[in-house]
Amino acid sequence: MRHRARTATCLLAASVAILTAACGSSGSSGGSAAGDVLKITYIADTSGPGAFYGKDYVAGAKYAVDQVNAEGGVGGRKLDLEVVDSASDQQAAVGAMTKAVKSNSSAVLYALLSQNALAMAPIAQRSKVPFIVGQSGVDGITEAGDYVYRTTTSEGRFYEAMLSTLHDKGASSTAILYASDNPTAVTNATKTIPAIAKKLGMTITETVPVKTADTDYSQPASRIADSSPDVVADLTFGPAVTTSIQALREAGFDGPLYGTSALGAGALKPAGAAAKDTYYPSVFIPSPKLPWASGTSFLSEYQKATGSAPSFSAAGGHDQVMFLVAALQEIGKGDVTHESVKDALASVAGKGFVGATGEPVRFVDRAAVTPGVLVRWDGEAETVAPDQPSPLLAAYTGRG
Amino acid sequence: MTAVLELRDIKVWFGGVKAVDGVSLALEPGHLHALVGPNGSGKTTVVNTMSRLVTPTAGQVFLDGQDVTAAGPHEVYRRGLARTFQGIRLVEGLTVRENVLLGVQELPAARSRAGRRRAAEAADEALERMDVHHLAQVAPAALPYGVQRRVEIARAVAGAPKILLLDEPVAGMSAGERQEISAVLGRLRDDGMTMLLIEHDLRFVLGLSDHLFVLNFGQLLAAGDPAATAALPAVQEAFLGRKHVPA
Amino acid sequence: MIDWFSGNEGYIQGALVAALLAASVQVALRAGVLSFASVGFYGVGAYGTGYLTATQGWGTAPAAAVVVIITVFLSWLLALVLARLRALYLAMATIAFVLLVQIGALAWDSVTGGPLGLFGIPPALGTGGVAVILAGVLAVNALTQRGAVGRRLLLLRKDEALASALGVNVRRQHQIAFVWSAVLGSLAGISQASLLTVFTPENLGFSVMVSALTALVVGGTWHWSGPLIGGVVFSWFLSAYLGFASDYRGVVEGALTVVVLVFLPKGLAGLSELLDPRRLRRAAGTPTGGPGGVSAGVPGGVSTGPDRPVPAPEMGVSS
Amino acid sequence: MTQQLVNAIALGSIYTLFSLGLTLSWGILNVLNLAHGAIFTAGTMFAFLLTEHAAGLPFAVVLAAALVGSALLAVLMEAVAFAPIRARSGNALDAEMRTLIASVAVASIIVTVVGIQSDHQPYALPQSLLERHRYDVLGVHVSNVQILVLVAAIVLSALLVLFVRRSRYGRAMRAVAFDRTAAGMVGISARTLQLAAMALSGALAGVAGVLLAVYLGAADAHMGDSFLLKAFAIIILAGVGSLEGAVFFAYALALVETLVGYYLGGDVRDALAFVLIVVILVLRPQGLAARQGWQRA
């Protein structure tokens, strides 16, 4: 008897909860596209471990939307950016994605984590909703289908020019320290860099895997220092960047370092002077010396509008929106449907568009190709490397 | 006449401690045996060895003439050896009746549908025999200590075991409760139940048991007729001599 | 309604898988086995199905069948190895097992896709399929919550020595619970792989174990509906409606969990009890602590009576 | 080779400080405290905030402040979460599970707050707090930080062992660790004892955190996680509650890990601790160093 009563109450409680949820959500997802507003859903990791970058992506996207709206919107229609926090969590990201593809958004944008993007892309493709990913170092992402685009250049593409530059400066051997639990780092450490090194005639003295959560880098660092390379690739993330660099210095390695765009200002600051002479590629840095004009003008206008310098994440968020805006402009006053947006995106991708990360930003297989910039950490700040190959991505100028 | 339960030269050593050191004894059908000994003399270890919770270092255990030294506790239970523990061990969250059902539901006979029904009937019968049937739907934790013990005994006898081991069933009880339990044990003996009663109080078992075993320092000190055995000087010394030594 | 469903499908799918995973931990716990091993088999299920379907081109049904058979075999072996361990020691050993599975997933590139994981897994099961699996599992759990099986399980987790002295083959029961738990974990993995179409080492590991146990305990450890409630709360409601907390999401989630743990000893499933006046009256008339012998009053109120399974030889089943 | 030994000793020292605190809470409170790593991280954050707001403080002061802060945090956790949960749990299994989950929830709160404080980025204690020096001794690099970490580990574990052996509190703690019903024997209330154990445990975590942050050069909100699992391996090798065992196996694990990592690679090293956990538990559930039969007490 008492069991039955309890079960009944349970079911009652559950159904009440579901009904509440149903009512709560019907307001946001129901209804059709409003005539004079174009809705964009931006899913971003604005809390949790990815928040530092995720928030900047959103800031850049918001800035772009504000700019476009200030100029009267697209074809007389204002943009409405809805930001959803995916909390650096795959479940939250997938949940937000399935919700977004059923909403009246013209497209879904996402930054930042590859793991999440990988799970979201097939949903977009199945639902036939345009999906534009920022960041995400994984190449496989656009393989999901013709509705999926990526606006950040795969950083591996920059490595050839970066290594050539170091080679030109006299480096004839390199060692590699990489996070073996990060897909991008694994690809770059085991495929990209060895291939480039071979082409350049550089020898690889050691390849040492570490885990992002590792705390003892003295031992891998010893191994690398003992192999006496001219330069060392440091493909680690988070605090491991600081720790590994300090460990390398402590183990006796004094030469230049190079690595991923994850090195960035935030990660190198704690390392300070120890990280002096570290090179990494980026799609954008807030420097007036940036070798393409749209980048420097974005820098000054963003600074004027918001009072702070845009990070590469802000530039990335901006360009995700601008890519979509370019497509919407092509549609003009026409019917904005998921399909028409997809077709317009394909057309824009063919021509390229002007963004903060390139003038123009081109596309190969729906993934962005931008000029890039070689960054050097001078111990206190990131600067455009003095011996800058321009563009960093040699292939950039060659492609149409 | 074969013994229901027999220990042959049982030794149980925990590390260097010889808890039981060469005990042999046999329990005769229909008798109420008592195993007495001072605290720490190895009584509970003997019971645990019989019910197979403890594996002896050496020696053999026979149940109904079969060697069960290697069998698990659940197996000897299914073959008719039931026991109670020193502390009350009723399951919280189950009613009195459900607790007694635990005593029959794992028996091989309860596997079929008809068997389950007969088992439930046996449980209800045991509740009545122990005079706790009116408490069937009550949570046992709310009951007085003596009643809880009767529920436990009901659980132990519901499956109609060949032998019942009772580990200090009256420990910590008031005089009234002891009386109550001793009456219950007397009734079970009258019904022909073979029992082994573990007790540290010699006087309690004297009027009750048919056969007495005295254990000291893990060895059998004496065995036989209760009154005669209890009068032996060695037995007196073991009990009186240790009386003032805290265990 | 259909609009609403499809709009929330991602969250619902997450809740279903989370509920399956929580149920996998629960079925072990019900028999007194504090094991996380099912999370390892979640990985086995997901990678196994992913590999057989996406890489080898099998159909989802035969792949799932093979994976479940492998799970039964492996978990049975593991149960034999871990037979002597109890409580936190078993928890620790199974945590280690799950982390080894994760390391294996990272290292065994050719099958698991290494750190990149597997993608392109065919979405054959669908939300409905997983819901049917979960409903079946919950029905079995609900039915075995009462009757002889329910009593046996309660006895097992409250007092192992007593259980064996009442004819319960403790080791066998633990093995059955362990294998059943592994199978449910594996089913959760098969479902997750099929729903998400991707599976990576990040879908595995410590945080997954912790979420499964959290969902279970907050939902209601001992009630069949606990995993469902926990799954719905954590993978759906909190995922979907904690946006307002933004940066403080983790704080709100943690605080809610602590509050439920402190004030609802039976989890959210116990809420219904609070609402049931008859039980309330009965509870008021019944002291919860047992008398001396049942659960000795000890510091902190933790019962260390006979219901506490310890890996000492005289308490375990030594056969 | 000698260099590896030096590295292993420094790592082992951090393991020691971390594991000692954890083995206290497991042995005495029977809590599998998964928030230990978070408290460790909180220690680094206390130190970081202090150096941010009051630059120029001597290292010892910063360390002491982090110690006190972490101890208070642990006590708060015990008082607000663990103790009420234990008091309301039906049985031991329930209490173990619920405190385990509570510790995870508390960890989530702490990690989130530290993440917000640090903007989800790595943070570093200022170099000026403790100037790093590197000495070359017979061709082996030894840094002053490595020496400091080693000295701290030796001194603190010696003090802790002395405390537990000689003081009334310590004896009471040991009594409880060996036999949970023995708390009252020494005339100290169980409540006080539990709070004291958590305070000690938290303090050790805080010190370990700051030393690690100095040793590694940077910290972030999630840095405690990987230590947690290593510490569990150490505790299991040593036997729960065994302090001397924890110290010994902290260094042993660090040494074996370092050597295995050097010669066999990272994947094998990562698996090592977990394989050891399973093997030791299966072969000797009471740990390698535990006195025989204490669980029977």
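A, B, C and D label the chains in the order they appear, each numbered from 1.
In this section, a contact is a pair of C-beta atoms (placed from the backbone, for glycine too) under 8 Å apart; a residue touches a chain by one contact, two chains touch by 3 or more.
These numbers were taken from a predicted model, which means no experiment stands behind them.
Counted by C-beta pairs in contact, the busier of C-D and B-C is C-D. At the far end from chain A, in terms of centres built from Cα atoms, lies B.
The geometric centre of chain A is 73 Å away from that of chain B, both derived from CA atoms.
As a whole-number value, the distance joining the C-alpha centres of chain C and chain D reads 28 Å. A straight line joining the Cα centres of chain B and chain C is 39 Å long. Our note on geometry: chain B versus chain D, Cα centroid distance of 48 Å, whole angstroms.
Annotation for chain C: residues touching 2 or more other chains are 106, 158, 247-250, 288, 295, 314. Among the residues of chain D, those touching two or more other chains are numbered 90, 115, 225, 267, 270, 296.
Those residues of chain A in touch with two or more other chains are numbered 48, 51, 180.
Partner chain C is touched in their complex by these residues of chain B: 48, 51-55, 70-75, 77-78, 82-83, 85-94, 98, 101-103, 105-107, 110, 116, 139, 141-142, 145, 148, 155, 159, 172. The touching residues of chain A, when paired with chain C in their complex, are 2-3, 5-7, 9-10, 12-14, 17, 21-22, 24-26, 29-30, 46-48, 51, 84-85, 87, 89-92, 94-99, 102-103, 115, 118-119, 122-123, 126, 138, 140, 180-183, 186-187. Remark: chain C residues 148, 151-152, 154-155, 158-159, 161-171, 285-295, 305-306, 313-315, 317-319 touch chain B in the complex. Across the complex, chain C meets chain A through its residues 1, 3-4, 6-11, 13-14, 18, 106, 114-117, 119-120, 123, 142, 145-146, 196-198, 200-203, 223, 225, 228-229, 232, 235-237, 239-243, 245-250, 269, 271-273, 275-276, 278-279. Every residue of chain D that touches chain C in the complex is listed here, in rising order: 26, 29-30, 32, 34, 80-81, 83-98, 100-102, 104-109, 111-113, 115-116, 176, 180-181, 183-184, 190-191, 193-194, 225, 229, 232-233, 236, 267, 270-271, 273-275, 277-278, 281-282, 285-286, 295-296.
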